[in-house]
Amino acid sequence: MTAIPNLIIETLPEFLLHAITLERESVERYEELGDSMEVHNNPQIAAVFRKLARYGELHANEIEQHATGLELPRIPPWDFKWTTPESPETGDMEQLHYLMTQGQALIFALHNETQGRDFYAHVAATSTNQEVRELAAEFAEEETDHMNWLNAWIRNLADPDSVSPEDLDPPNVTE
Amino acid sequence: MHGNTPITGLKPKDYKTGIKPVWCPGCGDFSVLSAVTKALAHLALPHQNVAMISGIGCSSRLPAYTSVYGFHGVHGRALALASGLKAARPDLTVLVAGGDGDGFSIGGNHFLHACRRNMDMTYIVMDNEVYGMTKGQASPTTAPDWTQSKLTPHGPGVPQFIPAAIALVSGATFIARGFTGNPNGLTKLLVEAIEHPGFSFVQALSPCPTYRPEHKAWKKQVRPVEEEATSDPIIAAQRIQTDDGMSTGVLYQTTVPVWQPEQGISADTGQLEEVFFV
Amino acid sequence: MHGNTPITGLKPKDYKTGIKPVWCPGCGDFSVLSAVTKALAHLALPHQNVAMISGIGCSSRLPAYTSVYGFHGVHGRALALASGLKAARPDLTVLVAGGDGDGFSIGGNHFLHACRRNMDMTYIVMDNEVYGMTKGQASPTTAPDWTQSKLTPHGPGVPQFIPAAIALVSGATFIARGFTGNPNGLTKLLVEAIEHPGFSFVQALSPCPTYRPEHKAWKKQVRPVEEEATSDPIIAAQRIQTDDGMSTGVLYQTTVPVWQPEQGISADTGQLEEVFFV
Amino acid sequence: MTNHNTVLTCSTLSVAITGSGGSGVVTTGQMLLKAIANAGYYGLMARSAGPQIRGGESAVMLRLGSEPVDCLDDRFDVLMALDWLNVSRFAEEIPLTASSLIICDPDAGEMPEAIACHGARSLELPLKKLSGAIDGGRINMIALGVLAELLGLPETSILTVVETALAPKGREIVDASRLCISRGYSTEKNAGLEQTLTPVASPAKRWNISGNEASGLGAIRGGVRFVAAYPITPASEILEWLAPSLEKVGGSLLQAEDELASINMIIGGSFGGVPSLTATSGPGLSLMMEGLGLAVTSETPVVVTNVMRGGPSTGIPTKSEQSDLNIALYGFHGDAPHLVLGALNIRDCTFVTDWGVRLAEQFQTVAIILSDQSQGQARSVIDPPPMAPACKGRRTARPDTQEYRRYALTEDGISPMAIPGTSGGAYTADGLEHNEKGTPSSMSLDHQQQLDKRLGKLTGLDPTENWAESRGSGKIAIITWGSSSGAAFEAGRRLEAGGQSARVIAVRLLCPLPGTLMTASLEGVDRILVVEQNHGGQFFHYLRALNLLPDNAEMLARPGPLPIRPGEIMARVSEWS
Amino acid sequence: MTNHNTVLTCSTLSVAITGSGGSGVVTTGQMLLKAIANAGYYGLMARSAGPQIRGGESAVMLRLGSEPVDCLDDRFDVLMALDWLNVSRFAEEIPLTASSLIICDPDAGEMPEAIACHGARSLELPLKKLSGAIDGGRINMIALGVLAELLGLPETSILTVVETALAPKGREIVDASRLCISRGYSTEKNAGLEQTLTPVASPAKRWNISGNEASGLGAIRGGVRFVAAYPITPASEILEWLAPSLEKVGGSLLQAEDELASINMIIGGSFGGVPSLTATSGPGLSLMMEGLGLAVTSETPVVVTNVMRGGPSTGIPTKSEQSDLNIALYGFHGDAPHLVLGALNIRDCTFVTDWGVRLAEQFQTVAIILSDQSQGQARSVIDPPPMAPACKGRRTARPDTQEYRRYALTEDGISPMAIPGTSGGAYTADGLEHNEKGTPSSMSLDHQQQLDKRLGKLTGLDPTENWAESRGSGKIAIITWGSSSGAAFEAGRRLEAGGQSARVIAVRLLCPLPGTLMTASLEGVDRILVVEQNHGGQFFHYLRALNLLPDNAEMLARPGPLPIRPGEIMARVSEWS
């Protein structure tokens, strides 16, 4: 993995802040998507996102454990050293559709986890700090587990590649 | 920073109300909500000292989703309402949000005059080049050849309105363009805009997947502005006019005195009445 | 030239109604009346094929004094009324007249959108940098430090609105500035504006001796533009922004397709009704 | 409970279909309406939806019968629930009784309390499984088959509709849908309706049209050839229909930058001699009032179709209310006589708009035409609407009239209008008070004369035939206007059937309201109920203002969003006996 | 001719001064008013002018007396014509009789027929020559001296006024003017007035103020500290007075780009917790209606002072009319309960604005305050106006209220409003229908509750003391509002003096109009005349709508521009006997 010069994370607190933010933003996004799917009467997908949020929550708590006692830096959102426009596990909003299928939702999540994995792998490969490299590698590993888990879930779906059903209802005006 | 004492430890989520947005999944406006709350958290502004004013449209639903003071006014008049609020309450941080229809069609006059007046507030337009709320008609920023609206079956046929260019000649002192596909970049622009003393205008390219699905392509078209922000209006005009409307970043920034009514008490009502005595 | 058959032998006077203007002696608007009638006579346009639309203000009294069809509408809406007329009656030569308050304050939105729409009409603004009709308040073109209005005792405090600059970024295709101290020059500009296919905007610097007596000095300040009219919006913008608003002549001219609704009959009402039958 | 809820409605059947976004509720409703239309019936279909732009829950509410249907019934015979998601939102819009039939899928989960509480019969069908068994099958098509069978429609009539509607989507989809429909027909049902649609003999030629389309058509019939407008719910469909249609008949539609522009644009168009109209809803109408005053004063005919929604302010944009009567009648500064008309039902949207345009042209003034969301956005199968009386058209000035005076004081108050292009007719129209020539004047005589003229000319309107629809007789009168008329007429019919005769007067020409005709229609009446869908009793107070109501008159004024139903009126009148 | 034109007006003197542009008519009138004020009298001064922006002919019309004067008389005792140029324009505004005295300069040419026709006495004075003989002399100063002497004013009182008024122009001018005045006093007059002003003993403290200034003051008294507005005739003087005055008391005025901006700006200011107002006239009010609906629905208190002019449309901007009552009452789309108040006279402009602001604040709604050109642009010498009742002020939310609900359904319908800056109070104000928290809702229950709340809260208004001014008793009632009140009261006094007792009720609180109080005041009344200055009888029909008038009630509704005069009312009432 090639190092992107200004994206090199040097210290443990900086790394942990990234990791916590990654997970927290991911949780928040999944919750938001859960809300949105509920609002749009797609309870099945809402449940998928809620589940992903729950897992993320656990993961975030775990990472926060690592940070106990450390003073984390304050970094403005735009100065995070992400390799993606937003934090890696927030996904591409425009991929969403209210009629999205379970397969599509899981692929969306898989994309997130992959980006997460890539981020950690990038840190593991490029950080100048040994401790950071090790922890990042560990997290990358965990993300890989998530990917595997998602892949398994996807494989178990009857129709993983399903496309959204055609939207038979015209959009409404609400105001 | 408007004399507010920042409160630390506030997270973006603390600036959300928990009311679930009615927006279509995939709508760019979600990212604007996210960027706004991140910017407020970054600036650590106390909720009670911020007001978010809007008009009518999908995008104008924003205030109800942020946990600061809000006013969801009538179509096209958000800037006027906000200007009155700021004039009467200069201590507040005033944000204004809305759509391209709200801001540039029915609200065009207030846009012109708010830019000129240069009061210290921030105006965020979620530009989706369409009237989302009313089923997808052409807005001023819609391309002349977009034929998907039943009201303009041959396309609106008139050149696109260039918000940054109008803002510039009208006198806005901070002009930026962001993209909802890059919410952190947008957050940065919003923070700068809010910190800017004077009228700051942020055009947020915010796709409407429902009526303008073709705007998925924006992702590939946007790019950061190449040059540093200029404070020279001539240079800024040139850049804005010659670019394709897809470059993001601060396009123009200058500092000129902010308009704010004179304040201070020098008389009571009784003294005012003295002149009437015979 | 709108397909009108010119009638020769008409004199400027033939375009006056004989109603005596209520304007103050010395008002610049007299020269605009004179220039308009000279232009119409020069173009030899038949009275019945010309319409002169205005809003409210001293300047907006113009239609009653010209012997073409006229509409003295409400404050700020002249361009809208004129656009409807032109859309419904493309065969007419449509002129629009008014003041800086009417056109740029209350009417600002229609100005923006009329420029964009580029319908074939001519808009003459008699700019006296004041609301004449209502006793001398600041208008958008009033200088920030003009303190003579009781409503803005410290001066309006906001930068002057630059009509030509706004017209340019909004999409007007002919932009000129004239001065009532040079009525024949103004006549020439009006003739060119009327002949221009598309939206032509003529800012006529028209002093108001009653409320802005200091504008007597304009006579010494105006001068012809130095360069040829450009069709390059970037160059035009640069020139307009850098000059002091006192150069007169054609500032910009370009030719782009004029907006006009499609016309032609392909069905009768009965045919339209067919779709409803079960 | 009184018994008026069930009297005499046996000839219609009411069906609601609900489901969440994407389930195709609206499509299903439209197909069902088409099918019953093909089979010779009449019907009305209203819609309701959640606050989401897309993917929200939605409901269609149909009432079908062998005679024209102008209002929803007090209760539904069938609720077809494609799923239960958020269906409680519609509970109050879809009143059920113990004899209603609820069709649902046992796999969709438990029936929400708001629905279950009525104790209606239920017919459980495995909609999802049935559709799942068909490649490309869809729940809503199964449901359509089920409903059509229960209603007693021949299978072919529904298949034809599906075939035509889906043909553009390709053979596969059509075939899958046909299969679904058939499965819906054939699947075993352990419950049914107490009655089916009574067969119709030789059906007349009928139309399937929405109220907003009907308004658009009325405009074109009346002669409108220029429209400028700004989109607004629930009026936009008028514009959507007009934009391409106008173009075909040589007119045009211009999307304006705002309502201030649109009203002034149509004043411009009409000044140019082209009959002009705009369509809007409450907030837009508010913005147009200054322009409308200009049209009245300058005597430039223009028409505004105002499709009312819940108010005040932004209010409830997607729901109906009759609360813009006040602004339509009184919303002008100064004394500004003009015309206000109200459409009584979807079919009447065409007639009243047509008539309104013609009256505006003849009297050179403003006509405000009130429709509302409940009819504008609903569809109906109707008899083709009648043409409005021709009226006299716009009185124009002949070329080279001697000493032309635009605002000449003529006997009937109408002055010939010179249309640009007319030689010797040049004049300046003005919103300032003026003398006969149009020159501004502040003289009291000119003011009085022009005020008298603008008011007086409207007395030339002969309202005899069309000012109201009136049915029945007796000592009780129900006076109403607009979309409440359907419920009022039905209440009248039911009262009559119950032996209590009543007259129902639905006023179409709201202003100037012909007082003598109204008084004549009320002769011998003991008690009056004024029915309207708003909070303040706007029509009631207007009638009071005109001194047309006896002291004991009462009002049934109830705000939106729920439509006024016949039973409500019955309940109120029955308090009197 | 009936004799009511002369009864009981002997205690006042009416003087008109006319002249062409530059002759100083207005200055003369103002100085005369100041002088009589100094001498302890009361007085009213109205103005009229030609259509020219500058240099047009103008007229001032004064009525002077030892008691407060609230309307012009039926005829003028004196016409001072500085010249005859275009004076006919004012003929109908300055009614003369055979006993009037016309003062004019024989060198000014022949008296125009419109003036001469009354057969008034005339006093010819060589005004021009007299002034020409004085270096820097001016005709109007000569005229002032002449008038002052005829009226019986001590010369010193007029000299003091001239001295103070002209001091800034330098000694020379002052001296020349003093000389002119003295010459006016001393010059020989071969005719005089039948009476002079009756001396007053110890004059009370009085004010010299215009109605528009009085309105501005009322706003500040009521607590207004933010104003946004767009200039318009005849309301601009309110703004001109307020701009510097507000600044002194810690407030501000913002000149907006248009009325759509100004109304929304004050909504913003008020949302921010600062009592806010705008002033406008008919065309501006029309443009504000959408914003006003937002204020009603979002329950944001705002006040609009509407100074009426001749309507409709641009109408007659410089002349008075009471024809904006309809739009003020009914000009909203949807049901939008709010307050409408009318100022009865110049002095009342302060009281009613003060009260209106307080009521708007207490009830968190819109107050429209109607004044008109005839009082707004006129000046009067008055007793200092009383303060309005304090009212309860705006109910605000305490910081960190638990579960704050902006639109909570409270007992009195008023919900505490959180002002930005209040911690824990953040909410979103909305013009969409909403639930108690302010979240948009289209549910019928929320709609009904919020409609009921917005209407119901106004029942908390106790109108007892101030809803109307009412004088006299008897079987005849004259009901009126706004600036017609002065004439109505005077008619009442004259009737009484003629032995025919009448009650006059001038309504200040127009909406919600307290029906029971009105009914009580009308007890025992046989005949009612409703007096107002408009074409349509707007107030009359409003009272009808509220069912407050018996069938035989009549209206005297007459449009502008001429003011309603007592004699007109007398003439109408005398038809009854």
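We call the chains A, B, C, D and E, going by the order they appear; numbering starts again at 1 in every chain.
FYI, contacts are C-beta pairs under 8 Å (C-beta built on N, C-alpha and C of every residue); 3 or more make two chains touch, one makes a residue touch a chain.
Just so you know, these numbers come straight off a predicted model, no measurement behind them.
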- Per the touch definition, the chains contacting both chain A and chain C are B, D
- Centroid-based (C-alpha) most distant chain relative to chain C: A
- Query: How many Å are there between the centre of chain B and the centre of chain E, using C-alpha atoms for each centre?
  - Reply: 42
- Query: In whole angstrom, what separates the CA-based centres of chain A and chain E?
  - Reply: 68
- Query: So what's the Cα centroid distance for chain A and chain B, whole Å?
  - Reply: 29
- In chain A, what residues contact two or more other chains? 39-40, 98, 171, 173-175
- Which residues of chain C are in contact with two or more other chains? 72, 74, 76, 105-106, 108-109, 112-113, 140, 262
- Item | Of all residues in chain D, the ones touching two or more other chains | 51-56, 233, 236, 247, 253, 257-258, 260, 283, 290, 293-294, 298, 313-314, 317-318, 430-432, 440
- Just spell out which pairs of chains touch, all of them. A-B, A-D, B-C, B-D, B-E, C-D, C-E, D-E
- Any idea which chain A residues touch chain D in the complex? 39-43, 98-99, 165, 167-175
- Residue set of chain D touching chain A in the complex reads 20-27, 49-58, 83, 85-86, 138, 140, 233-234, 236, 314, 317-318
- Which part of chain B faces chain A closely enough to touch in the complex? 12-13, 20-28, 30-31, 38, 42, 56-57, 133-136, 180-185, 187-188, 191, 207, 209-211, 216, 219
- Residue numbers on chain E that touch chain C, as the complex places them: 51-56, 229-233, 236, 239-240, 243-244, 247, 253, 255, 257-259, 283, 313-314
- Taking the complex as given, what residues does chain B use to touch chain E? 19, 46-49, 51-53, 63-64, 67-74, 76-77, 80-89, 91-92, 109-110, 112-113, 261-269, 271-273, 276-278
